[in-house]
Every structure is written in structure tokens, then in C-alpha cells.
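Same chain, two partners: chain A is paired with chain B first, then with chain C.
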Partner chain A sequence: MLMEAVKIEMGATERWPDNVKLYQQYQAEQITFPDYAASLSVKTFLYMCGLEFSTVPKINAEEMSPSGRVPFIHIGPFLVSEFEPIVAYVQTRGFGLNDDLTDVQKSELKAYIKLIGSTLVNAELYLSWLVPEVYEKVTKARYGAMYAWPLNCILPYQKFLSVQKQLAASEWKNKTFAEVCEEVETCCQALNDRLGTQNFFFGKKPTELDALVFGHISTLLTTDLPRNEFADIIRRYDNLLVFLKRIDAEYFDALRNSY
Partner chain B sequence: MNGNEEVQTLHLDWETLYSKPAFVQRVLVSGLKRTKDDIITKNVKPLLQAENFGDIVKKAEAVSDRLQQLGIFSRIKIEIDTCKGANANDNGYDVRYVVQESGRLKMGYYTMVGQNDGSLEFNFRSPNVLGRAEEVKLDYIYGTKHTRGFGLSLKKPLNGNPDTWFGARAYREQGDYPWSGYKETDHGAGLDLSFLSLLGNHNLRWEGVWRDLRCLSNLSSFRVREQAGHSLKSSLIHTYVRDTRDDMVLPTRGTLLKMTQEYAGIGGNANFFKHGVEFQANQALPLSSVVQVCLAGGIVRPLRDTTVNITDRYFLGGPLTLRGFNKNGIGPHSDGNALGGDVYCMGGLHLYTPLPFRPGSGGFGELFRSHFFVNAGNCGNVENFSLDQVNKENWKAFQNSLRLSYGLGVVLRLGSLARLELNYVLPVWKQAGDSASPGVQLGVGISFL
Partner chain C sequence: MEDNVLHLDIWPGEWDLPSVDPNCLAALAYCRFSGVPVKIRKSCNPWNSPNGTFPVMTYKNVTETKVGNIFTYLRKQNWGIDSSLSRKECADVVAFSAMIDEVIQPAVLHLLWIDNDHYSNITGPWFTRHAVLPYKFVVSGRAHKEAKRKVFESQGTDNVTAADVETKIYKDAKDCLSNISQKLGDKNYFFGDQPCSLDALVFSYVAPLLKAPLNSNQLTNHLRIHCENLCFHTRRILREFFPLTAEEMAEKQKEEERKKAADSESKEGKIRNRDMLIAGAFALTAMTLYAFSSGLVNVKIFDAVDVEDNLLDA
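The block that comes next holds the complex of A and B.
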């Protein structure tokens, strides 16, 4: 704990170095969509903060990550992985998106972030690993894509077991697919209602919640899978669709043009 | 005078007896239960070629040795007698082996010492499963540095010949490599063939291993972290050993030559070619002293457009190799983690003498030797190594990066394989980044140079 504190203290001296790198798996062939959603959330957050970074694709990004999950950022001598720790770390560097919020709004923001962590993230894992069609046709092939036989069979199976364990711990493993769809629907409804016709969840400026929602919802909407139930659900919420388009236009169009 | 004559006669008798024309008429083996006849028949055949009595005795012993090497008998006794019975020839002899077969299941454990770490191996062995010296072994290793492992191996002599063995093994092993800041879990399988040639012992092995590397902590260097993850190695390994030393721990004469070639490139994503050599020569001097010269070196080059993973690289340094440095403390380091080199070499000049004033001479004192030594070596990376690069400048750069240490100490023999060294060492040539350990250094292990 003390080490961490000292590290953060030391790191805070230089605001944002030039060579910040974000590590994830290869986007076109390898990354599975729950990981892609997580990575897109972090990237969106960093874009929203106006922070420069480069994305480094690595076959072994997951094994390199200190927490065993992607994405992680390498900034100076520090490594920080996953959305919430990255947001917290970026804040210690003096960048944040929620400075203007009231305390009530801040706790509301936290609640919505929790909601996404406990529903959308689990639903993504469920869809990609526990729905047989998706697992067999997409997830297995992608997760093992960069490895030779027999690792391309062993590694997806190992991951399958660990996801199963993770979902069992949060009591999602025994849900039926219909129940999972229901959860997604409830979550989308809640987000849609909170958003209303505002530009962002908390008014005119984006917060980390906007980045997180964008990362997950747009991944679910745009990923082509054998089962499209989640995408069909999302399409019913107009506020969310408008929101996705707005963020895409604001933060990603410029990037696309720069290529 | 009389006595002397008697001795003379007796001597003559032995001489005549030994050179007396004789042949083996029958070979009898008693005590066989589950061993198949054919494997015994193959191994006793040389006896039938004996031409005189001395020859019979010599060959009978050689056959006994071979039977022993099969590892299926706990006891072998030889009896030689003149052949009796209806068809008995005057010069015919019976050779009888009284053997006792090993039990169906043997349990064992032994301690192993690597370089300053120890482990305990428990095993179950079943020798002679199908009657032709097939052995099945199940082992479990538990050691310091989180070393854990278990394996299942099978071996069998080919054609009943104890000089040629076929083996197969499947295993799972894990261990920490704190000097490099990573831990590794291996799952592997291999097939191997051991055989003799005019040059020495050979072992040819195919090995397929899935290696999973992870950082030990958040303090591990990023250079190590980049190499974390899964890799698959499928390699052919040839090991050649020629050992004429009289002892493995404190030899007084003879040489050891060991060469290993590994070609990792038949499938998998660890692609490299590795070649290592170790040489040791011993020469006895007056006053029970022995001078020893050791030379070792190795090079590993990536095949195709790859890099060589940290787990396949060479490391150098330690209390039993290049003394005066910490374990694997020589060569490229990053944030205190040894990254290993793709080439290494080292040499050592040792003088072993009895302890001063020879306490416990002829007994306990023989386990100890005083030890004076000079060690030198180098470990690093050769970018794009090729022969035309061996020029004066490169040679100079190599010389300038050489490490050298010298010192003295005491060596204690631990059994027939391991030794303990307590030395006072001065590392005199060092390089930036090396992890040196001047002063008193203690080392225990079975591999030493």
C-alpha cells in the first residue's frame, strides 16, 4: 500500500509524458469483444481528457498486464490496468472529467459505473463464453488465433473455465440467455432514462461514465456475432443511439480522418 | 625356500587354468519370475564365445554388469562350475547366475541440489513391467523457490541392449526465477533415445513444451514483462558426453566433454538454435594436488525473424560457476533483473590441494580440499553475429567486457554428486550492471565449473 502511495506521489510530478502506451491484443484477429469493449472505454476516456497515447497491440497483452486483464497503460515507470484504476490514476495526474460535478452527482456516477460493471460486463462475458454458438464460432477461434496447436485449444478452454468461475461468483453462470437479455434491457432502460435528451449523462460535458457506456454499448452494437439479441435490444433505445453517434462524431471522426 | 617354490607352483597353476582351453556349455539363470527369456538370452550370448577359462570369468562378469544395467535385478550372483551330466564335455563349463528380481513397485526419495536451491523428489518406480526391462516411473518434486513438478516417464532398452534406451516422458513443472523477476510453468512431453558410439554417450531427444511465463511482481522489469505469456517450443536436442574422470566431484585425472545442440524450430513459436560446450581436464600433481582447467561456452541464435525468449537464454555467474558474482549476476540487466545473453563463455583454472597440515588424512579429511582459483568469463548479446565479424575490433570489445575473479576456499564433498564450497573471492573485472558479490561466498550444488 505504501509503495503504491509513494509511486503515485512520484508519478504525479510529470503531468503527462509523451510516450504513454496502451496495451491490448491484436484488434482485427485476436481480441475478444468483452476485452475490446474494455479497451475502447479506456481509449474513449483518454480521448475525452485530451491525453495523447499510442496503442500497442501485443499477442501477450493479457499475460503482460499486472492484473491479468486488458487494457493496461504504461506511463513512465508505472503500469495501470483496467478502466477504474486507470481513471483514478489519471486523476492523480491532475486530469479528470468529473471535477465540476456535485457530490451527489459523483456518487450517482459511481453507482452507474457499478451498474455497468455488474450487468453489461457480465452479459458480455456470458454472451462470448457461455453461449455455445458464440463460443464455438467466434470466441474460441479469436482467443486462440495467435497460437499454434495445441495452445489454440488449451488457452481458450482455460479462459473459458476462469470466466465460468468468475460468472459463478457473481451468480450469473446459471442464468438463462433470456434472463441475461432481460438484465441488459433493464440496464439499457436505466441508462436511456438517465441520459434523456442531454448531450452527456451529466449535462454538457462528458465524464468517465460516458466513456464507459460508449465503449460497451457501441461494441455490443457493432460486433457481428451469431447471436444479435443484445444489439437488437440496444436499437430500441433512441437516446442511446443518438448518444453513440454524437461521441463517435466528436472523438473518433477526427481520428479516422487523420489516417 | 620351500614356501617360495609352492607359491611358484600355485602361480603356474592359475596361469594354466586361466589359459586352459574351455568353453561354456550351458548358461543357467535361476530366480527369473516375470522376466522374459529372450532378453536374458540376448545378453548372455557373449559367454558362448569364450575360448579359455580366464575368458569365461571375464565374460561372465561383463554379462553380470550388463544384466545389472537393465535395472531389473536387485542381486546377481555368478557361479562357474565344470559341466556335469551325460553330455558333459571335458572342457565344458556351466555358468550359473542366481538372480533376484526387483519388486514390482519401488518407492524412493532423494534430495537434489541445484545451484543454491534444494528440492526433494519422491518417486514410484515399477521396473520390468512387461518382463523386458520396461520401467514406469512417477515422480513428484518439491523444492525451494516454489519449485513443484510431477512427471510420468517410461523407458525401455531397445532389443534388450542396456546400452540403448528408448524413453518417453510427460511432465508439469513450475518454479520461480527471482534473479530475472519471473516465474514459469511448463507442460511438456518428450521422446528420447540414448545410445553409445565410439566417441561416447549420446542422447537424442525431441521435446515439446508449453511454457507460461509470468512476472513475479510489479517490480519486475518491463523488459521481462514484455516476454510474459505463452510460448510453445518443439525442439530436437542432442547431448553428447564423454567422461573419463575418476570422480565427479573432486577428480584427480581425466577429462569431461559435454556438448549440447538444440534445434527449436519444428513447430511452435520459440525458434532458435542453441549450441553449448563444456570441457574439463584434470591433472594430478605431486603432494596430492590436482590442477583443473575448465572451459565452457554457448551461443543461441534465433531462427527466422524472431527473438529468443528469456527462458532460452544463457545466464552466467554464481558461487559455483563464475565465482565472486551473484547467481546469474553477469550480463545484461534491467531494473535489477537478469535478461540473459545470447552468447556466453567462461574459463577457470583451479588448484585443489589437501587441507593445510592434512587434518583427518586418509579419513574424514579426504572429504575436504583447499581450493585456489581464477575464473573469467563473459555473457552478452551479439547482434547479427556472423563469422566475418570476428575481427580485431570485436575481439578487443570482447576482451574489454571480460569478467575476472580469483580467490581461495574450501571444498567439501557431499556424496558422490554434489559439493559445497566456501570461498573468499575478489571479482576484479566487472561491468556496469553486474551483480557482484565480493568476499565470502557459499555455494552448494551438483553443477559447477
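The block that comes next holds the complex of A and C.
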């Protein structure tokens, strides 16, 4: 029954309609860099699949998202938010990047995606919300940028409390900054070693992992913050740097030229 | 306390496991795999533990309580078990460990500490029975609360309900178990013939799922049906690294004898009851007979007609 319903649905709509939209906050003024990293990962993934979409900036993108997190895509009647669900959804539409992988490789792929989710994402949240310098100078101002007083004080504080709660649950809140750096270093080391000198993580073709790594690492590397420890760590890993350049050249140069 | 021996305090075992707590199992397995000179103390008194529970590792002046930190510390002391792995394999260990912590841990916590049946019939009572006063009254409640915090709050936003979270963590955990099972394949251990830290971590979550007396649940069923190699993996580790010591053997035998004794006692009890009944009945008959024969009780039988005549005469 379900399969039939899906088939009918697939037949009725195009595989990939023209008006797919990706929602996020305003890039230049508003978005905080953990959100930007997530957004960039999804965009890279869609570019890698060769799918067309347009980015729509919204002040309240976070409140619009079904799971409360950005980015989310609007495709036909569906709203899908966050990286993993989007990847899974795009796969049900018949576009996927991991069809050629063996079962073992697929499970490794899942493991590395979880590694990014549990290490880099938490580290980004820690850096932007729990490191006082960064919170006061950058995050607070950006998160409240689009609102008038007093909302521009209340909303960042609310978000701060919720991030704090989330990090406490995953035992990151009580870590010192040095410990967080160590976690990032372990993660980068693992990614670097796994990548080796290959073009992509699983050989010659890109997968969703490549998109995710690119999104997060390049954001950490290029965002200008009062604390640059993470960027310094990443610069020590040559394989990763070469990898970033390769993806940038392959998927983003063409884009820049087309403007 | 001698200075150059590592001490590891853990919750004691039950259900054929060396310890009932997944974290203790992980630390213990790592120590066994690496052959660290370690002194294991099974304790029910978390007085000295900095966070009020086990495992606690103490070595010289260092005290560690979290599994990840214990692993890292031992690795730094060159007691690692991952040193024979290639860099790529080490990277895989890091990634799979992250996946297990992120996905399997919440599901196991939910199953053991939040699921009402298990919390109020198995895990809760176990800790209440074993921990010393005053921890009896604190430990299980605290673990329940802690588990709730870890499972629900790390999922973040308010837009998701508890039921959604439960469905999601169990589904993810099943997928994750399948992935791990794929990675293990038909090898003895994840990377060759020697166990590594990933084996310790997988063992620590799979063993309680298989050995604890849980009700029928999706995770154990999934393991038994779809991930047979993980079941073998756990049994292999239990057999090779946790053979019962002479004392434990003796204890187990004693336990069995006690059980048998209890059984036979109940049989004897039945026989005794029957004997008492027979003796009682015999005594009662004998006494009644004596009463009649000695004239203590006199039964006279009148003729109905005589009685009527007597009444008329009167």
C-alpha cells in the first residue's frame, strides 16, 4: 500500500520540481556560524547531486523550520529540515550519492556522519555560545541583529539557555576550552587519516560525507572570530586543506562565474 | 594503596556479567584487553567516587570517571590496545565510537532506565538492593533522572514530542546496530584477531541487552535476529576475557546448591505436612474411640413411641 502511494506520488510530481527553496537566516548580517555550517553542508550536497534550488533568506527561518533548526527545504508540499533528513529525502526522490558503495562502506559513511554531528557541531555551538568573548562580541550581536530593542537582548539570551541545556545533556557544557580543542583535533585527525590522499572520502566520487565535512570545516576555517584556535588546528592537516580547495574549485567556482 | 597499580572500582556483576553497568563494562573490558596491571574492586559504596557512581579509575594521583577519559588516559600511559592499528583503522575506531555514543547510548539508557517495566522491576530494584545506605535511596532515582536528561534534552528543540524522540532513538539504534554488524562482518574482532577499544565499547552495550533479564524488546530482538555476529562477538569476549574465577565458580555453585536446597526443602515440607495430617487424624480417631468406650460420652437411643407415651402420661 505504502509503496504504491509513494509511486503514485512520485509519478504525479516531477522528480525534482523547479521551485525548490532552501530557507536560512540572512547570511551577511544574521546567521550564526553553526547554522551557516549546516546550511553550507546542505547546499554543497544539493550541488553535488546537481539539483537546482534557490536560497531564501528569512529573519525567522528558525521558527519556520519543522524541527526548530535551520536549514530546511521546501519541496512541493513537503518541509524537510536538517542535513540527515534532507539527504534521506533526496534519496527517496531517486537522487543519491552513495549508490556505488558496498554495505561496509555505507556503514562507515554513517559512522563518520555521526562523528561530525557529535564532535564538530557541538564544538561549534560551544565556541559560539559558551566562550564569553565570542558570545559577547559576535554571536549575541548577530543573533539579535534583525530585531529591535528589547527583543535583540531577549532572544539571544533564550537561545543561549537552550544551547546550554543541549550541551549539558551531551556532557559538553563542563568541558574546558582546551578539552574542546582536543576533541576537534581528534576529529580532524580521524578525518585527515581516513581521507588520505584520495580525491573524496570514498574514492573518486563525492558522497554526502564530503558535503558535510566541507560545510563544517570550511566554515570553521574561514569565519573570522575573536578565537581562532579551531582554524589553527585545521591548518595542521594538509589532506583536509587540499580536499577543501578541490571541492571549492569543483562546485563553487562555476557558481561564482555564473553570477 | 600501592602506587604503581591501577585501581578500578566498579558495580558488581549479575546475570552472568562481570558488572551490571555498561560504563563499568567498557572500562573493565578495555583493561582486560590491554593487560594493564589493574586491581578491580567490586563495590556498592560510591562514597569515594567524585560523581557518585562507578566506574572510577585511580592511578597515582589521577582519578577518572568517564569512559572516554579512561580510554584516553590509558592510551596516553601507553597501555593502549589500538597501537597496532593503522591510522585509517584508528580513524574508523574514532568514528564508530562517536556513532555508538551518539546513537546506541540513548537507546540503551532509555531501555534500562526510562522504560517503566525495566526501571521499576529490574534496574531500579537491583541498585536499591545492592547499594549501601544511604545510597540505596539515591542511586536509582538519580540514574533515572540522568537518563531522562540525556535522552530527551540532547534532542534539543521543543517542536518534538517525547513519543517522537522514543521512536526515533530506537529506529536509529537499530540501524546503528546493523551498521556495526556490517562492519564486523565475519571477523573475530573489529580489526583482526586482537580486540581494540571499539570492541570494548560495543561489548559494553550489547552484553547487557543480551544477558540482562529484560522483557521482550525491539533492540534485543533486532540483535538476535539481524545481528547474530554481534551476539557471537559478545559471547566470545565473555568466554575469553571474563572466565569465571575460582571464587566466582564456587559462588555460582553455592548459589545453585542453595537453589537446589530450596527446591528439595519445599518437597520435604510437603511430605512433612502429609505425615502431620495422618498423625492428627489417627490421634483424633483414637481419642473418640476411647471416649465412647470409657463412657465419657453416652449416647442413648429412645424409641419415638415411648417418648410420645411419656408425654401423654404427663
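Here is the rule we go by: the second predicted complex is superposed on the first by the 246 of 259 C-alpha atoms of A that agree within 3 Å, B and C clash if a C-alpha of one lies under 4 Å from a C-alpha of the other, contacts with A are read in each partner's own complex, and residues count from 1 in each chain.
The rule is simple: a contact is a pair of C-beta atoms (placed from the backbone, for glycine too) under 8 Å apart; a residue touches a chain by one contact, two chains touch by 3 or more.
Just so you know, these numbers come straight off a predicted model, no measurement behind them.
In the superposition on chain A, contact of A:203 is made with neither chain B nor chain C.
Touched residues of chain A, counted separately for chain B and chain C, are more numerous for C.
Legend: residue contacts after superposition of the two complexes on their common chain; A:226 is shown touching neither chain B nor chain C.
Contacts of A:166 after superposition: chain C is touched, whereas chain B is not reached.
When both complexes are overlaid on chain A, the residue A:118 reaches chain C alone and has no touch with chain B. Looking at the shared chain after the overlay, A:104 reaches chain C, while chain B stays out of its contact range. In the superposed model, A:187 makes contact with chain C only, not with chain B.
Of the two partner chains placed by the overlay, only chain B lies in contact with A:64; chain C stays clear of it.
Touched by chain B in one complex and by chain C in the other are residues 66 of chain A. Every residue of chain C that touches chain A in the complex is listed here, in rising order: 66, 87-88, 90-92, 94-96, 98-99, 101-103, 149-150, 152-154, 156-160, 175-176, 178-180, 182-183, 185. Looking at the complex, you find that chain A touches chain C at residues 66-69, 103-104, 106-108, 110-112, 114-115, 117-119, 162, 165-166, 168-171, 186-187, 189-194, 196.
Against chain A, in their complex, chain B makes its touches with residues 210, 212-215, 218, 222, 225-230, 232, 267-269. If you check the complex, the residues on chain A that touch chain B are 58-60, 62-64, 66, 74, 79, 147-148, 150-151, 154-155.
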